[in-house]
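These notes open a run of structures that come right after.
Here come two complexes built around chain A, the first alongside chain B, the second alongside chain C.
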Partner chain A sequence: MAIVLLVMLLLRVRDPVPGMMGKQATVEDIANKREELGLNRPRYVQYFTLLQQMVTFDFSQELWTQPGMTVGELLRKSVPISLLLTLPALFLTTVISVCIGMISAYARGRLLDKILVFFAVLGMSISFLVYIIFGQYFGSYQLGRLVGQPVFSIHGYEPGLQNWAYYMLLPVLISVIVSMGYNTRFYRAVMVEETTQDYITTAWSKGASTSKIMFVHMLRNAMIPIITRIMITLPLLVTGSILLERFFGIPGMGDALLSAISNNDFPVIEVFSSIFAGLFICSIILTDVLYAVFDPRVRLQ
Partner chain B sequence: MLSRFLKSREAKKLFRDKSAIVAMVVIAGYLLVALAMMFDVVSRDDCANVVGPNSVPGFFLREEPERRYEIARTSLFGKVKRALEKSDPEAALAEVQLGKLRVADKTPAELQAIVDEAVAIQDQLKEAESLDDDPEMLSLLETFESITAELVAPLSGSDRFMHGVALLLGTDAQGRSILFRGVYSIKVAIQIGVVTALVSVLIGAVLGSAAGYFGGWVDALVVWLYTTFSSIPNLVLLVVIAYAFQATDSDVKDTLLPVYIAFCATFWIGTCRVVRGETMKLKQLEYVQAAKTAGFGSMRVLFRHVLPNTSHLLLINFSLLLIGAIKSEVILSYLGLGVKSQPSWGIMIRDAGNNGDVMTGFFWQIGTATALMFVLVLAFNILSDALQDAFDPKHL
Partner chain C sequence: MHKSKALLTVNNLSVGFHTDRGDVTAIEDVSFEVRAGEILGIVGESGCGKSVTGRSIMRLLPKFNSFIDPQSEINFEGINLAQADEKTMRTLRGDRIAMIFQEPMTALNPVFTIGWQLDEALKYHTTLKKSQRRERAVAMLKSVEIPNPEQRYHEYPHQLSGGMRQRVVIAMALCCDPELLIADEPTTALDVTIQAQILRLMDELRKKAETAVILITHDLGVIAQICDRVIVMYAGQIVETADVYSLFKNPQHPYTKALLESIPQTGRQHHQTRLPTIEGIVPSLFDLPDGCRFQDRCTFRTQECVDREPQLSDEVDSRKVRCFFPLENLL
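Then we have the complex of A and B:
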């Protein structure tokens, strides 16, 4: 709720109507438009109206930039696209970086570990933008020239699963590479913490095999931090990768939000931010539930 | 206090770490450069001025013949030629300049002769289909280049040196020096990084320790505040705040203030959370109880006894936030919401993207920005790792 308030206040810093009406608008025109959009009501009334709309899932406001299209339609259009981009990315990132983190923790202090950590730090130090620009250049442009036909799309999107690889695979890969550094380091730290625990020593002395210790004992016990990590990133799934969507011309939620911001499209910004907030709260609740599933010691009350 | 810090076991551990030392040296180097920029070694004007033909590669590399012809044709030669055609060649020639380069001190007649000679060669070059393979054409091109070079007044002493330095990493699509712009951006990045990291750490420390120490409604308020802020994706909040400022018509939007505020509003959260947890832990310790029993006021206990003991966390957070600020600055500037009216790595990367530099394989601009940023961020990453290892080894 507070988020809605915050966003609303931030947006009210400037009166958006004159910008929307263009330079020819007279003072009366502007006043009329304000009345029509309900912007001249007291702020708390606006706030509660917005809140009510959020709670009842009423997304029927029209877009300012495209009359006739409601925010709900925009959401229905952009959310699946964003999810198609971010879900595979999250899945791949988590699986790969948990594995690398485990290998690194297992080889702690040895050369392999040092190399992996070094590459993780190296990967963290390059700007996201650079990954995207060079990924786009080498991945779609140069590779396309090399093969003779376009392998990955440079810009644009078409719906349909058969087109997924063409439009989405490259952004997904880039996003995996970008988040790899952070995640690998994090999971390594988690795993290193686990290797010092007593139950690992017990498992060794029982004669369990290395792979069993790593994948059964350790992975299960490291589940809590892993879940927390994934849950934190969950709301970001829907926002998508704003930059990736921008670059590759994928009309997902991040792209919609960004163009709404640059076009002063009020309803979109308000609704989208509120949705993020709602998702955030949901993901916190979900995290607690999953804790109980993976760690029987945690009891839901 | 500083000497006590330097003698502490943790600090010694830090200074034993070789990579940390290297990182600190690198960061010190960057700081020196930033300081030099403060004293206008490279001023903002230097970054905006045209120093040579556009898109020249760095390290004075020779280019493809086609491109060399293009550069020789479009630099001073073209301008001199046009000036000579005017009714008052003397006055027109005096105005001709390309960065610091001016027309050689010769009479219009002499210049005319050179231009005529060059035009003759140019005609031959035009007829050639490809300049790449033909050795005859290549030698012609070289004569063309040397003839057009005669039009330029040779630079003397420091000017010549500065011109060379400016062209060291080539020029961008507007003929501005990439090196100057890249180096000036160091100052911008460090300025933003230090200011936002400092302010965010301060806000986070004060709010976090107050919440942890007093509990009750203070705690509830602070926790509510940071959950609110953290539930909006970082980038979205940054963009919205930057946007809100952009909307105001004051002079503020041309300064760095919107960027500072946007960053501080999002960055204090992490510090606040960590400090709150640490304060809650410290509050239970005997020495705090003792200080309370001794009758010290809660402010004194908080600021003299509790906060100093979280300083290691503040240091680590400062270093982490600096990285975050530098990286986010680049992204915001790239989106056109961050730094304006002065160069920044984000703007350089954006320019490189927009001008099609990347598509034509001209990597000097984006490469410079990336490399400078990469080294700085890498150094800070290594340093914060070392800090974390030394001061807070249990951290995940």
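Then we have the complex of A and C:
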């Protein structure tokens, strides 16, 4: 994490200040601004200041592009919006694709399996943008015309849970469909692996039913790869979905981050990168803890 | 030898697999019967169809790539297992027919306790209450001579040694008092001391409960120890069947004879010569020779063996052999 921050700081080659101040700024103004932002101090001082702020969870730096607003406020405003989009999407994707993966593995080699795999590959092969455009056209525009009133929003966002379905459901569904292909294929592979295990044959030989085999014997053993996959995507929930947020006009973290990057708003980028790195480390630690919950072999004596 | 009615009759069992290279027949026209309280040994080299036979009876072959020939009949107490639906099979499996597998290290589910796994079959097949099932499970662990069964009940498979795990597998198979036990190489992965213990255990249990046992193995020593009758399989076919004494005393099929000769024996002056082996390998199921399947490795081969395929003979003194020149006649 520290290394990432250091690299970022060193990469800040271009002086952002003249751009911020506009055409009318004098050399003196720029120097004053640099002084104010602490940019005239040596790089290593800047680095340790940043490090100190991150370690103490001090997110009170002001945005360069929006003076008066701190990074903390921006995060508090944007991250929940992103989570409203990404959390349901992750949940739905995982549940549905584990089930489809399981069905596909169970029907392995038969027509049903082939159809499911075909659609998974097809789903993987189509661009995200196509889903968004088609989703917006059919889901918002055509469906709205058919019903006579807008069912899903095309662009924009209002807070409040009662508005969730109107603004978020369509992007969530698109997100689910997009990630289904990859996930289904992954979980199918995991489940096929499980069906070949000796203990599954043992379970059959005891007279266990198909559902017992799939949902108890196989799923419990498949928890390790499933958890790993979910945990790795957890930090990404906070980033939101840049594409979906842009296209649907949802002011989430992905959108905020994209603006920050295009406007050289370094405090936002730095803070967000640190938080992301921190979350990543946390999720990996959490993964190990969960391994122990699901696999008795990992438990400490 | 028991003369009671046959518990299981297998008639013309043929099982095939779909593979990338086309369909292939793994076992062909296998017929035999097992009576209550009898131990039937099935012996042969790897890949000659022993396990497929065992698993077909349990209908445990993977559905996506295997098929049982519709002419096949596996009659278990009036039920044709070859055609039975999954629901019927489920009520039989673990209750009236049970199976023990080769690999004790992987046959138990690593994420559930021994107790949970023992409880499973009881839960499916009995009406016992939870506490009664628990008692029964602990009693089963005790009967397979597991020390501290109460404590082991709560442990996970990885906390047990290989021999112990195999005993748990046996306890699991026997907890509903099956009428037929299929043991697929139950002692192969174990060392000799444990092997002897397990065999003794199985012998005691069949004496106590009159369980019929099909013991699949490649180890003639195991066969000699506890089997009543033996089936010798080669390349998917039965080549000889006899009671264990006759088979060891007077093997009729050249393959059986060769198998017996390749067992190291004490007392003979074997140290002066190399242990005899059977030359060559089992022919690939994709590339079976016309005529006798053992012809390439047989020391007694004639032109007839190459031209025509021998059929399994009719029963003579409760023996059958698939050879044009059974060895008795040559001697």
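In this text, the second predicted complex is superposed on the first by the 291 of 301 C-alpha atoms of A that agree within 3 Å, B and C clash if a C-alpha of one lies under 4 Å from a C-alpha of the other, contacts with A are read in each partner's own complex, and residues count from 1 in each chain.
The rule we apply is simple: a residue touches a chain if its C-beta (ideal position, glycine included) is under 8 Å from a C-beta of that chain, and two chains touch if they have at least 3 such contacts.
Note that the structure is a prediction, hence the values are computed from the model and not measured.
Bringing the complexes onto one copy of chain A puts chain B beside chain C with no clash.
Touch criterion met: A:M124 reaches chain B, while chain C stays clear of it.
In the superposition on chain A, contact of A:I261 is made with chain B only, not with chain C.
When both complexes are overlaid on chain A, the residue A:S205 reaches chain C alone and has no touch with chain B. Applying the stated contact rule after C-alpha superposition, one finds that A:D288 touches neither chain B nor chain C. Superposition on chain A leaves chain B and chain C with their closest Cα atoms 10 Å from each other. By the touch rule above, chain C contacts chain A in their complex via residues 18, 58, 60, 62, 64-65, 86, 90-95, 98-99, 101, 103, 106-113, 120-121, 124-125, 156, 158, 169, 172-173.
On the chain A side of its complex with chain B, the touching residues are 2-3, 6-7, 10-11, 13-14, 121-122, 124-130, 133-134, 137, 141, 186, 189-190, 193, 225, 235-236, 239, 242-243, 257-258, 261-262, 269, 272-273, 276-277, 280-281. Those residues of chain A that touch chain C in the complex are listed here as 107-110, 195, 197-199, 201-210, 217, 220-221, 223, 294-297. Considering their complex, residues 224, 228-233, 235-236, 239-241, 243-245, 247-248, 327, 330-331, 334-335, 345-346, 349, 352-353, 358-359, 366, 370, 373-374, 377-378, 381-382, 385, 395-396 of chain B touch chain A.
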